[in-house]
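Below you will find the structure I want to go over with you.
Lettered A, B, C and D in written order, each chain numbered from 1.
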Amino acid sequence: MANEIQIKGGPESIRLHPYEHHTKYHETDQQGIIHHSNYIKWMEDARMNLMEQIGLGYKQMEALEIMSPVLSLSIEYRSVVKFDDTVVVDIHLVSYDGHKMEIAYRIYDKQTGEDRAVAKSRHCFVNKSGIPISLKRIYPELDTKFFEFQ
Amino acid sequence: MANEIQIKGGPESIRLHPYEHHTKYHETDQQGIIHHSNYIKWMEDARMNLMEQIGLGYKQMEALEIMSPVLSLSIEYRSVVKFDDTVVVDIHLVSYDGHKMEIAYRIYDKQTGEDRAVAKSRHCFVNKSGIPISLKRIYPELDTKFFEFQ
Amino acid sequence: MANEIQIKGGPESIRLHPYEHHTKYHETDQQGIIHHSNYIKWMEDARMNLMEQIGLGYKQMEALEIMSPVLSLSIEYRSVVKFDDTVVVDIHLVSYDGHKMEIAYRIYDKQTGEDRAVAKSRHCFVNKSGIPISLKRIYPELDTKFFEFQ
Amino acid sequence: MANEIQIKGGPESIRLHPYEHHTKYHETDQQGIIHHSNYIKWMEDARMNLMEQIGLGYKQMEALEIMSPVLSLSIEYRSVVKFDDTVVVDIHLVSYDGHKMEIAYRIYDKQTGEDRAVAKSRHCFVNKSGIPISLKRIYPELDTKFFEFQ
């Protein structure tokens, strides 16, 4: 399905659900559209939703004392989003090497399928002290999940 | 002066500066006015600015491991605020008994002096574990500052 | 059901669905809880959701050139909300006289049912020029919907 | 001065003031730092402040019925910003051809001068109907201001 991400793999492969957001009145600006800063929040929401689905939700990461700060992000706005629209945020893992990951996003209108924005973000993994860590070395089982997903 | 709060007391009495905010484009909504939820943030900004001025800034409170959560708040919206307006938030301590405090706010347009909103908020003091504490008993010197201000 | 609002009336009476919100990471603050200003946004989200359900959604109101600004609001915070919690916002119409309405809210944890906050807001109805209008006189059919709901 | 942008030109050249922002408590997240989505808002604040300084403030643009939507943006986060820090947003015009402009930003700590982020954004100019317009053709006097600034 266009709206679902198929994780490659054997029979146990997981079908991920894309993240949906029904836009809110307080997200509008006086141009009568959704303010562009909100898309950055939806990217985070979709990312956390994805991590949850692959078993690496925020609470799991917190228990393992890992965090994944945003190193950089870029976004291209393609068409405006209005109040009361529902947008879908499709997300996939572009690269992962145990230390860093890059994620790509496509935000489109649920009803028309029209693209609203495409975006990317890069993340590393750090421990509670902010020291970069290798998921590959410390938590190989998580590493495997990423490869499955990739 | 209308715009400054005179702390009662001896010659060492402090003149507090009211908090000013220049409204931002991302605070507008599609009605073409500043969204009403932002006023709640300005109340916090003004409160922290006030606490800073009386020597009880957030960093001081953190060092003492005290926090002052919001118990309740109420606000009456009197006239709309537009983008690029500057609002002044006048603030004063309504009551303080060592355990709780109540703060009153008047938000008005800097240029015209017209009222935009009046508001109140109630706060208690808790330690890092969330246990209510008496400032009066534990930190009498802070207590004194409050009385001066009141 | 505790979670649903039964509109009084005849056999055509409508069962309203309460509004649910899954809290977001960007709603947290450095105390490790959801920042109190977000509750004000959820109240609006729930109110718009309610209006939609009774056939007076934002798009309908816009077509009729009616707006319902917030005159005042008050909220009592009862217990903290954490990231990843789902809160339910129960809402009901306290009063409506054709010119103004008052709405009450109960925000509680979906899983435990524990109260997080109770709140109220008051609204009037204005036309595009900001002039207060009587729904009773101009749009009696909408007026009827309110009475059904009340 | 490191903190001021010198507009090239004759004796009438303007010295632009960089935009400063004192971070707010409601901008923090539960990691104890300023949430990364706020930087996107500061970029807008700094951009509007710059436009104001070169005589093309939002009110002027609105009177001319011109808007400059964000086409894309990218940001690299270099170090964390904490509550109560003051950041400076230095901004300069990378390119302008009458139809589009690209702006670059450097966000740094006011006290230490340490870089917090670098960013870029691209914008076009549209009329009230959203139709792209050429500032060069329609408002040559504005065009001149941009060249002076560039």
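Here is the rule we use: a contact is a pair of C-beta atoms (placed from the backbone, for glycine too) under 8 Å apart; a residue touches a chain by one contact, two chains touch by 3 or more.
Please read all numbers here as calculations on a predicted model, not as lab measurements.
Participant: By mean C-alpha coordinates, which chain is most distant from chain B?
Facilitator: It is A.
Participant: Given that chain C and chain D are copies of one sequence and touch, is their interface built from the same residue numbers on both sides (over half shared) or different ones?
Facilitator: The interface of chain C with chain D is built from mostly shared positions.
Participant: So, what's the distance in Å between the C-alpha centres of chain D and chain C?
Facilitator: That pair's centroid distance is 37 Å.
Participant: Round to the nearest whole Å and give the separation of the Cα centres of chain A and chain D.
Facilitator: Each chain reduced to its C-alpha mean, chain A and chain D end up 27 Å apart.
Participant: Return the distance between the CA-based centres of chain B and chain D, expressed in whole Å.
Facilitator: Roughly 30 Å separates the two chain centres.
Participant: Among all residues of chain A, which ones touch two or more of the remaining chains?
Facilitator: Residues 25-26, 31, 37, 41, 44, 83.
Participant: Under the definition above, what is the set of chain A residues touching chain C in their complex?
Facilitator: For this pair, the touching residues of chain A are 24-26, 41, 44-45, 48, 57-59, 83-84.
Participant: Per the contact definition, I'd like the list of chain C residues that touch chain D in the complex.
Facilitator: 25-26, 28-33, 35, 37, 83
Participant: Taking the touch rule as given, give the residues of chain C at its contact with chain B in the complex, in rising order.
Facilitator: Residues 31, 36-37, 40-41, 44, 67, 69-77.
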